[in-house]
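Scrolling down, you'll hit the structures one after another.
The following pair of complexes shares a single chain, chain A, combined with chain B in the former and chain C in the latter.
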Partner chain A sequence: MSKPDDSKGNVPGRTLLSQNVVFGIALLLALSAAASFLVPGFVSYTNIRSMLLLAAFLGIASLGQTQCALLGGIDMSIPYVIGSSNILLASLLNWGVPSFPACLIVLAGGVVVGILNGLLSFRLQGQALIVTFGLGLAIVGGSQIVTSIGSVYAGTVLGAVPSWLRGMSSVAGTTFGLPIPPIAIVWIALAIVVVTVMSKTPFGRSFYAVGGNRQAASRVLISEFRIWVIAYAISGAMSAITGMALLGFSGGGFVGVGEPYLFTTVAAVVIGGTSLLGGWGGYGSTIVGTLVLTILTSLLVGLGLSYAMQQAVFGLLIVPIVALYTRSPSLRDQI
Partner chain B sequence: MAAPLILAALAVTPIVLAGRGGVDLSVGPLLGFINVTLVKWLVENDYASPIMVIAYVVAAGVLYQIVIAAIIIYVRVAPIIVTLSGYLFLSGINLVVLDRPSGVAPDWMLDWGSGISILSPVFYGLIIMIGFWIFFSRTVFYQQIVLTGANERMAFANGVNIAGARFGAHIVAGVFTAAAALAYTALIGSGDPTQGNTYTLSAITALVLGGTSLAGGTGGGLGSILGAINIYLITYVLSTYNFGTVSGFVTQLSTGAILVLSLLVNSLMNRRQ
Partner chain C sequence: MDDLTGKVLVQNVSKRFGETTALNGCSLTISPGEVHAIVGENGSGKSTLAKMISGVVLPDSGRVSIFGRSPRDPMEARALGVAMIFQEVLVAETLSVVDNIFAGTDSLWKRSRTRAVARRQCRDLLKRFTETEIDPDTIVRNLPLSVQQWIVIARALLANPRVLILDESSAALDLDASARLHTEIKRLRESGCCIIIVTHRIAELVRIADRATVLRDGEVVDEFVGADINESRLLSAMSAKRIILEAKAAAASPANRVVGDVVLSATGLEIERGAPQFDFKLCAGEIVGVTGLDGQGHGDFLRIAAGLRAPSGGTVSVLGRDARDAFQVASGASGKSVAYVSGDRAREGIFPNLSIFENFSLPLYRSRFGEYGWIKRRPLKQAFDGEVRRLSIKVGHESNLITSLSGGNQQKVLIGRALAMEPKIIVLDDPARGVDIATKQELYAQLRKFADQGGAVLYLSSEIEEFFDFADRVLVFRNKSLFRTVPFELFSEHTLLAAMFGEPDETAFHPMREGFVRA
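And then the complex of A and B:
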């Protein structure tokens, strides 16, 4: 029950933001310390590499979710777009499409779904949750119908995955001789670009403007519509990339690969400290959230908890973490 | 067969009506939790008399909702995050309590779900609960919930006990979730730790189809009942066609498309007014 939050809650300024990041990093360090103390082999070379890989998948998938959250939106179609692009890419490769154009087709598909999400939910912003969920469900149903034509295995697509894609997201992958999986490099590059664009360019600042105060944003000639659709398009593209990277990781198309990302992307955004109501936060915070989640998972697995128990512990931890820094002001203060 | 869905949709309705982004994502896992604990803790230890069972399920549903409501109201964390945590927590716990579908429903409940005639006990139970809803929606208290959802500041300024209205909405939701869990247990006749989760999204879909706005303040229980029946009928009709291996996907595709379309129609009609 921290009192200072109450007075600052409705005027989120720079101090509060940096407070969140400091808090997130402290949490990260505490978790790492606990894990390296409790779990033998936590600081081993292979474990760090595999954590980096898993963090990269989650980090890329949460990028779009962050952009939507900055506007006060939410994208629930992420797991379905991930699953769809995963099986679509596998099918395209099976049908003999060369791997590079196939990836481009899937990426374009992700962008189109994202734009659709944006267009459909723009007039229904309060209900973005259910619009994007419905669209995602339709997309995943459609893509499963397409991919299972002429196949007896519904929902899974078997086939050869090109070796470069495997190398992209394999634990043992290397980039130019460095012992880091290439997808992690892709993630870091994306992160640098996004954080720079969001903080340094007028385009990036306009996300904060729209999320913070729509009326003020339109007065300075920022098109709310354009920004809203772009945010969802980014989310669609990132989900498609995650889906394709996961195909390289697992080696076979399976529509369910996206399922865990339904709630973890939201959790990464929220734990990082980006408000779901929009206006403040950013991808830098989400990266911290992603790392917290990944290390926490690794810690729980290392302690020998079953998947079910891990979920229960996650559920128990999210509320106190969020309560520490994103409480809304009480109604008395809002009037 | 549609009874659990109707009751689950009714359970979410007061929470959504009370506004401020209120939604209960954990209704499905809570239904599952009551189902598995009923089968595992009560039936296996011979506490399965009707009074015990009903007392237990209602207490479980209401207690859970009171905790959730207290966190939302006093800790002031967004409802979607609180109930999302509840979803994760309960769906984990359900698997710990019962790791795979097993167990049996209480003896006196076994012949409920056989579905030989429409006039089964589940149906009567549904009628009683709908009756309860109609009574509830006539009360001043219900109006206070709607008022809170429509314009919280105005309601507060006019002396509505906002926190009380929210608490009440959650308690009513707990009662309806308990009823949904009973109907569900009767229908499947056993315990299932994972299937309950699917009720979250179909209940919210039913609610939206029924015209209740997720922004709060407009809508009602009757719409949710009709929405739930619609969803049930859509799945039923689709299952009579033979799509072979892809039938599950056709259902997914059409559910998603219907959901988006109904939202669009809803918003177009609202704009015309």
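And then the complex of A and C:
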């Protein structure tokens, strides 16, 4: 719990937020500066567009993770739901289901998995990590079985991806003439809605109440159960959207497409400054975390590091970055 | 001067916890072969004193000497032969009986005794204490509380202590078991052990204590020896200086108050399975105090009345609603009927991650200003400013974190939040805990005003003087049931304490009620 510190006359409530934003933006600027200096072509038009695209995938996937983290929960099923949605959509399209109903089916599937995650992890208090992990594995296994019917390869679904979906997630994609990939526009719209709802509505504030003190929340008639299930349902829906968008990006269904998102969604949340213990932070900070991670990846790729090297550097860099963030005194007591 | 190195000496010790003084210049001497009782009200410093002798709490000033040495932590105290049985039943629930009893006796590499010997000793000890056969390998969680209590006692006695401290150790034992505990205590006394008993059960200590020290507000106010120890003397010593306060209370007592309709009624209420049933009615315009010794059911009653938990039997109806329904409506304090203010701010009151303003307005989002749509900031701000003024809360900037406020001001924000919900009934669970006198007085005045405007108040406190200027009657709980209702005209430290300690009702023949009783 954070300690009152009015002796120095500072205002913990406001400094907390601004400190994180300042840290995040400083880190962003430093990374961008380093990258544009070290990597030729980093500030090019194409590179910025491709970074925006990758940030959009990660940003959408981290949205649900942020909601769960605000309550002190975690959703480990995100990579598996992404992978499952990816191959499921490809298969549905192969089977001749029209695009729109196919997407709706996959989205509904994501929501159902999310609700299951929420129900089970609420029942089995404190076991969200293993519950969502287990359910994720079950889902990804199940969807591979379903999609491999009549095929010798499980986990890979080849077939024609409709052009509108490829356009959604294409680096060269445009939205109403704007040179921005449509999925990035979707991300920005989602971000605006989420940040507004979370700060301006009783519903949004309920997440902070439950994350801050669940006992006190129940005393003011906020249903912890409802909020908890909704958070996981949002996470399931966002994973499904990411999985579908990634199908447009890669052009073929592959179950392992979600794998990087296990680490990166949690990292984006933590780097942004949302406590995994609940109550502090929010999607606004996760956006900063998402951008930091995307630029860092781009920098490492630009430096010509092998995938193995990228992973090693990435992993090692996360520790000092998190350490830097948690220096903020009110957060230090939280994490 | 006789040899003091053979005794336990407490010399002029003081201890403060933040704002509150737990002990203020206490001295006492415990000789070997003596059973020394420490008595006093809740919060008089008894437990702190006991913990100090066992080295758990260190004095701020003064000195504790055990056979000439001053232990600085519980390990040192244990090396000197001090064993303490704490108020809470401290067992490792997931371990077996034998592991619990011999916890801490082995060193890292060497066992103090073989498993078979430990098992046999364990079986023998528990057989002696409980008079039943208990398998040493039973997991402690599966045993009744009274047996768990015996395990803790056995652990302490096993060390052959030279100083034994029992802090409310008979609380979980029934009468029969207490008698067996007394036998053990007497046996230890014969062997020259210094025995210190902290207890609420006065009748019990009269039978067993050789010497009794009375504490009040952290000071030793009296000491009785041998035959001088009797119930009425102890009770009056615990409450003596309060007579002035009582006189003041009588002058300001809330006589001739008009009470309105019944807003809450309980019939055949059973707090715990098997506890005596009782009825209760709360009327509009009333302030009803609720008290009792620790763990006597008054806290449970309050939670049942607020709808936070269900009773094991009987019905509670709030504002004429059906009992089941009433729980739902009242559950968690709705704007329509019941608001609940907890004294345990950290656990079930504040949101440490949110601002002062939001801590105030969160429940109002739902009750007064609609659950859906946007947060209506302007009316909330008006309500907030109104309560800040009414309760004179020192808030600084409203967007600061709630944790930037002092405890008393945090509590005021929570009370303001309850009042702003415009409830019919306010249920307060020890709200003045850790709050200064001036704030308390303001709180009483506000609650009085609330009652005068047709509200009803249930107010739990373990400090009985809180009720004097303020409550219309006090419900005293004992053994998980309503033991006695004391009307304001009979308020005194003595009558309330007597009820808390289960003394027979002397006031049954009070002139005011005599005609009534005899009729």
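Here is the rule we go by: the second predicted complex is superposed on the first by the 313 of 335 C-alpha atoms of A that agree within 3 Å, B and C clash if a C-alpha of one lies under 4 Å from a C-alpha of the other, contacts with A are read in each partner's own complex, and residues count from 1 in each chain.
Methods note: contacts are C-beta pairs under 8 Å (C-beta built on N, C-alpha and C of every residue); 3 or more make two chains touch, one makes a residue touch a chain.
Quantities reported herein were computed from a predicted structural model and do not represent experimental measurements.
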Quick check on the superposed pair: does A:216 touch chain B, chain C, both, or neither? Answer first, second, both or neither. second
Does the superposition put A:323 against chain B (first), chain C (second), both, or neither? first
Looking only at chain A, is it chain B or chain C that touches more of its residues? B
Partner chain(s) touched by A:140 [first = chain B, second = chain C, both, neither]: first
For chain A, which residues belong to both interfaces, chain B and chain C? 330
Sort out for me which residues of chain A touch chain C in the complex. 1-6, 11-14, 16, 200-203, 205, 208-209, 211-213, 215-222, 279-280, 330
State the interface residues of chain C toward chain A in the complex, per the touch definition above. 308, 331-334, 340, 342, 346-355, 358, 362-363, 365-367, 371-375, 396-397, 399-401, 403-406
Residues on chain A engaged by chain B in the complex (per definition of touch): 120, 123-124, 126-127, 129-131, 133-142, 144-145, 148, 152, 154, 263, 266-267, 270, 276-277, 306-316, 318-319, 322-323, 326-331, 334-335
Given the complex with chain A, which residues does chain B contribute to the contact? 23, 71, 75-78, 80-82, 84-96, 99, 152-153, 156-157, 162, 201, 204-205, 208, 213-215, 245-246, 248-260, 263-264, 267, 271
